[in-house]
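Sharing a structure, written as structure tokens. Questions coming.
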Amino acid sequence: MNLEEIIRKSLEEDLGSGDITTRYLDLEPSTAMAYMIAKDTGIIAGADIARQVFKTLDPELKVTLYRKDGDPVKPGDEIMRIEGRPASILQAQRTALNFLQRLSGIASKTNRMVKALAGSKTKLLDTRKTTPLLRSIEKYAVRVGGGYNHRHGLYDMIMLKENHIRAAGGISQAVARIKEHNTTYKIEVEITNHAELAEAVACKVDRVMLDNMSLKDIRLAVKTYKKQIEFEISGGVNEENILSYAKTGVQYISSGALTHSCKSLDISLLFKE
Amino acid sequence: MNLEEIIRKSLEEDLGSGDITTRYLDLEPSTAMAYMIAKDTGIIAGADIARQVFKTLDPELKVTLYRKDGDPVKPGDEIMRIEGRPASILQAQRTALNFLQRLSGIASKTNRMVKALAGSKTKLLDTRKTTPLLRSIEKYAVRVGGGYNHRHGLYDMIMLKENHIRAAGGISQAVARIKEHNTTYKIEVEITNHAELAEAVACKVDRVMLDNMSLKDIRLAVKTYKKQIEFEISGGVNEENILSYAKTGVQYISSGALTHSCKSLDISLLFKE
Amino acid sequence: MNLEEIIRKSLEEDLGSGDITTRYLDLEPSTAMAYMIAKDTGIIAGADIARQVFKTLDPELKVTLYRKDGDPVKPGDEIMRIEGRPASILQAQRTALNFLQRLSGIASKTNRMVKALAGSKTKLLDTRKTTPLLRSIEKYAVRVGGGYNHRHGLYDMIMLKENHIRAAGGISQAVARIKEHNTTYKIEVEITNHAELAEAVACKVDRVMLDNMSLKDIRLAVKTYKKQIEFEISGGVNEENILSYAKTGVQYISSGALTHSCKSLDISLLFKE
Amino acid sequence: MNLEEIIRKSLEEDLGSGDITTRYLDLEPSTAMAYMIAKDTGIIAGADIARQVFKTLDPELKVTLYRKDGDPVKPGDEIMRIEGRPASILQAQRTALNFLQRLSGIASKTNRMVKALAGSKTKLLDTRKTTPLLRSIEKYAVRVGGGYNHRHGLYDMIMLKENHIRAAGGISQAVARIKEHNTTYKIEVEITNHAELAEAVACKVDRVMLDNMSLKDIRLAVKTYKKQIEFEISGGVNEENILSYAKTGVQYISSGALTHSCKSLDISLLFKE
Amino acid sequence: MNLEEIIRKSLEEDLGSGDITTRYLDLEPSTAMAYMIAKDTGIIAGADIARQVFKTLDPELKVTLYRKDGDPVKPGDEIMRIEGRPASILQAQRTALNFLQRLSGIASKTNRMVKALAGSKTKLLDTRKTTPLLRSIEKYAVRVGGGYNHRHGLYDMIMLKENHIRAAGGISQAVARIKEHNTTYKIEVEITNHAELAEAVACKVDRVMLDNMSLKDIRLAVKTYKKQIEFEISGGVNEENILSYAKTGVQYISSGALTHSCKSLDISLLFKE
Amino acid sequence: MNLEEIIRKSLEEDLGSGDITTRYLDLEPSTAMAYMIAKDTGIIAGADIARQVFKTLDPELKVTLYRKDGDPVKPGDEIMRIEGRPASILQAQRTALNFLQRLSGIASKTNRMVKALAGSKTKLLDTRKTTPLLRSIEKYAVRVGGGYNHRHGLYDMIMLKENHIRAAGGISQAVARIKEHNTTYKIEVEITNHAELAEAVACKVDRVMLDNMSLKDIRLAVKTYKKQIEFEISGGVNEENILSYAKTGVQYISSGALTHSCKSLDISLLFKE
């Protein structure tokens, strides 16, 4: 689904057979002014998407952005102004906020973890643990927050997990089969111990992923093979401990919680006279 | 979007132009057995949806549910078994988990708040602060967790907010216009003080919503009008304070956090021999 | 389906692989002027939709409305003018008329019945006996004609029919189950005799529907319970007898014929020089 | 839109965010038996479509047809039996009836006019004055009733109307242009007087359409040119006068009212024990 | 699928989850000028479609056509200029070229065969052997090249092939059944020998199709029945032999190779300063 | 678009408002047997897709494959048998053949070029010069023929072309920007001379593409840098000269003609008794 379709269908989800409150109020046309106001501290993501929600519902609404994606906000900051028919603003408001709050929540959380990495060269990656149908915009929010995107799906990078390897009869066999057909994609292998790591390095894959390994084991792995292969670690990383993991020298740390367990940024819409 | 479409498009989002890992591994067909295992404590929601994800990707996968929606789980509990082609399981796994973890997260959080209400007659309601495109299944997860659904959208209940009221020239005028046309829907009015409450009661609407009022004010409101109108409160409610709010005697407490800021339930998929 | 999609697909239905008449005529571009003319007496509904049909086919067509929805027309009245490429007008004309004639037919019939109710407080309701895919615009035409909308579908009001009641073991049991879960919707119960009516009243539902009852029975029902419950009647009502039904004091009379057996209003499109 | 899509979207139109009555009744699963019963006299059309509606909603419903499309019914006749979950039957019933009643109404009206033609060789044609989005099944219902289909849209026959002719500079010029490009389609020309008729015949088109001509003029036209061209008449034809028109010797009479102003056939669904 | 949908989905096919090259280059906005240049000799078809591809991706791109559909080009000729954001041009370029090159290839091949027919009255027809989903625009390209369209699908002309005839028990029986129901479409019969031809002529169908007959047999067929029926031949026709076939006097020669085995016209896009 | 949707819409393209030939023939149901027969030499691709076309139109058709994708055929070979209702076979036949012939044409051409590479280690790649909407299945056909897939779209590999490089201010600058953001994709740079090649090698990109370079220049390039970078060449390659290009030692040769200018494999469907 492209963004236009996501927005259109989200509005349809809320409007269904019509907004009965404004239909039955049957007000005289007038012009109102409404403001999106931050009620918490964070990073804005999705301001353009929120604007597009308003414009999709009513192309005559005027939306002025005071903050653009990536900008920090604190409680009380005005993020955007919406001007036009009150009924249109009221009909689009919830959908616009649902996008803006979620994406800003993701960008804010990402940004806190990126700041925790300050001083290291390690990059924070997202995962495929995203909300169904919204992966594309959630991965965008991660970039807005200063994170980096891991693969977008099963189609743009090769990742050999334990079960692939077992089915192929081992890492060397699996990588050999892949290299026979692949001309386009990087290859990453999931590793659970040092023997597997040695085998993966010998196969000349692009990256290994150390899943839930101890700091000590990670340090040893990086020390031994850092010239030959890239390292990614995953599992159990949070704002508090991420720097210790980064200091092992791994290039990448990936975190599913960025997208699957994120608190929305508190934002509300107020009408002003 | 109906559920079938949501599932199909979520799979397409992950598969894109094809799973290149299994395409290039080109394994002999075989049969694998995989299990969804809870890694945290909570309530399952979305087990049937997860099953449908697997069956949509490959109708020949066999899925056996060990837990049904509404069942509690603790770490280590097996939720379902999936049997069939390993490539199919690997291709559907992330999408199935993304649904199951999110919905179980919502049901679990709802359930904790419902338990906190033990002994009161107050009902916990959801809101429209849901994930775009997933409202229908998220509201389902709230019901699974023991909560109740507020209106599904702008189309199935009339809700007069501050701005509607101002535009109509007051509560009485707004309600009068609505009653002139409405034959089908309940009417709820958002209230910010006692004068408005008195006016709403006089208009004979079905429910008032007290937004961010103090416990003291809520108690007074309920005491004064409990025979004439239903009360809903909203804002700043959490597992710790919800019982105090319930004890005011309000019929309904609504919480946006149930759906917009919910931690996924930790669940993983393991292959076994 | 939203209106835009309904219009687009209706045009595609008529155009298929292309209008071969104008394709092969291959005329020089020119500008024509065409008028929609009423050929019968009635109420216009769908003028904006007809305009949107023309604009969807060719955004450069200019459409000027002389009558808006709700206006009465008599034979010879000009409803709208369309100006632009003759081929575009000819390609959109049939689809535009098919919408305008049907909707105006519904508004006109509704309006005749509403006029027949003159002097009573009874409201005329539509039903779900609408044309598949066009319910939303047909219910709109009923409103244009002065009628009121009953529920839009199975999702916005609770209606207990005979079979629901039997399956639940009786009216009281059915209503009790509903009230246990429902926080949002009005409840209506279909009633066939006085015992059921008494039971429904005792359960404190919002409305009863008396299906095909005699005038005498209706009068008795209203007289007995009018302070406690709303009444709707349905079945066998027409322009001639509707006032007698209204005089029983029921609040609502619903009529499926408004939408399922309605004569289109006769309207034609003429080119003028 | 194909039939499957029409049915699916019609069900979605009625179900929206879910059937709240059966959701909240939360009945034990059981099996019910329901019958579609004719309450008027006519010809059935759409029985298979109605069956498909039930099966689309719930593939486990069993539908047994007692009447097939084209069969006559009288009040009290059983048309089909539906067996399965009561909730499923109640959810699909209105949509199934909306199709069956409308299509049977069209077939019945068509059939009455076809019977009125008894003894003549004239064929009754439909038009493009059909319900938007339902043309394909409405034209099917016309065939079921014994009528014939005129062109399905702008794409499968060439029809030169007054405005085409004027824009091309006359009948001869218009037909010449068409014949220069057309290799596939029959050509029909709309005629309003004898001079035009003579010109059309001279151009060797396939058919002329006499719009709102008097019986006398039609007779003269047919008499003069019946060996050289086919005749279609349109406008003002009904069950009473159709035979007089047919006796002029025209091959075709077309009627828009078959589809745009048709009374639904009265059919209801009853549950039986 | 209408053209707008074909274009939108073709762009989505190429863009998928986003153009990572320009995303990561993150260039300053600037304006570039690019030209479509012919690199071979042929006839342009699809220039408007290519323009629509660019405008769909980025409505702010300016596209100026130097050649319109039907114009001849030789190597080095500028076909159109595109002006605007370089990233937009680069993202739409491949899709625009894929349409323009294929359609121009079809128009060019058609035109060569039409030129080979010079001096004869025979018309060159296309077939249904087109690219799935692109039939409508491929048939358009045939017209641009000077060819004529045979039926667009199974829905706009009646064609009796060998198997239809066998199933009906012979040509006369098949045609009789068809004529009983058909009021709208021309009838063509596939013929393999002179006995069948005689039978088809006797049934008064509109056209016969001689499939893979020898020149000698075709000549005899045309000579015998040219006053009574139209002739189409098909099979084994190419630029070299088409004139010999035309000289038999057949009205139509159809060629599947126009669309199913066509070399794209070589066109490239160059940026200029 | 997924394969199921491509097939469904291709059938709709051909069927439109219905197959009028079989509708009006109105044959008694019977069972026929039809065979797909190769009429030329090549490699089959799309047999499963053709089967799916038949099954989509009529799930009761039985399709038995005698050749699977990748199998060679010669004139007269039976590819598959279809058994069932004759009307169903006739309605699906053209669409099934349009897929099978095109894909087999691509696989056959690919295979001839792959055979011409015999003895070298060079891999033959496809391009994005594919038929709009059919890229996925055309790239599949290339794999069936023994070729390899280059990137599927703009989303799965980074490719810096001349204009990207100019806009970024040079190869080094462009690659630096990309490497700052990219964590997932291989990087290829288009090169036109030796200075650029040296710069690209210095930047450590994954592959260079030499566009339309002379054999001599290619040889020198490979000789100089073969240990440091992968080489792809493109432009002007055909069955005759491909081996000379391969002998330069490049790893990849890409060819757009595989998909944009491919002759369909001649296959026909015959009914047998």
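Every chain is named by a letter (A, B, C, D, E and F) in the order it is written, and numbering of its residues begins at 1.
Heads up, the rule we're going with is that a residue touches a chain if its C-beta (ideal position, glycine included) is under 8 Å from a C-beta of that chain, and two chains touch if they have at least 3 such contacts.
None of these values were measured; they are calculated from a predicted model.
**Student:** State which chains count as neighbours of chain A and simultaneously of chain E.
**Tutor:** Shared contacts of chain A and chain E: B, C, D, F.
**Student:** If I compare contact pairs by residue number, which of B-C, B-F or A-E overlaps with D-E on over half of them?
**Tutor:** Comparing residue numbers across B-C, B-F or A-E, the repeat of D-E turns out to be B-C.
**Student:** Specify the angle of rotation obtained when superposing chain D on chain F by their C-alpha atoms, rounded to a multiple of 5 degrees.
**Tutor:** 120
**Student:** Measuring between mean CA coordinates, which chain is farthest from chain E?
**Tutor:** Most distant chain from chain E: B.
**Student:** Between B-D and C-D, name the chain pair that shares the greater number of C-beta pairs in contact.
**Tutor:** Contact tally favours C-D.
**Student:** If you average the CA atoms of chain A and of chain C, how many Å lie between those two points?
**Tutor:** For chain A versus chain C, the centre distance works out to 46 Å.
**Student:** In whole angstrom, how far does the Cα centroid of chain A sit from the Cα centroid of chain F?
**Tutor:** Centres of chain A and chain F (C-alpha means) sit 34 Å apart.
**Student:** Please work out the Cα centroid separation of chain A and chain B, and write it as a whole number of Å.
**Tutor:** Centres of chain A and chain B (C-alpha means) sit 22 Å apart.
**Student:** Can you list the residues of chain B that touch 2 or more other chains?
**Tutor:** 16-18, 136, 152-153, 155-157, 181, 185, in rising order.
**Student:** Can you check the complex and tell me which residues of chain D touch chain E?
**Tutor:** The contact residues of chain D facing chain E are 123, 125, 148-152, 155-157, 181, 183-186, 252.
**Student:** Quick check: in the complex, which residue numbers of chain F touch chain D?
**Tutor:** 12, 16-18
**Student:** Going by the contact rule set out above, which residues of chain B touch chain D in the complex?
**Tutor:** Contact set of chain B toward chain D: 2, 136, 152-153, 155-156.
**Student:** For the complex, which residues does chain A have touching chain B?
**Tutor:** 1, 6, 9-10, 13-27, 30, 32, 86, 90-91, 94-95, 97-99, 101-102, 105, 128-136, 152-164, 166-168, 174, 177-178, 180-182, 185, 260-264, 271
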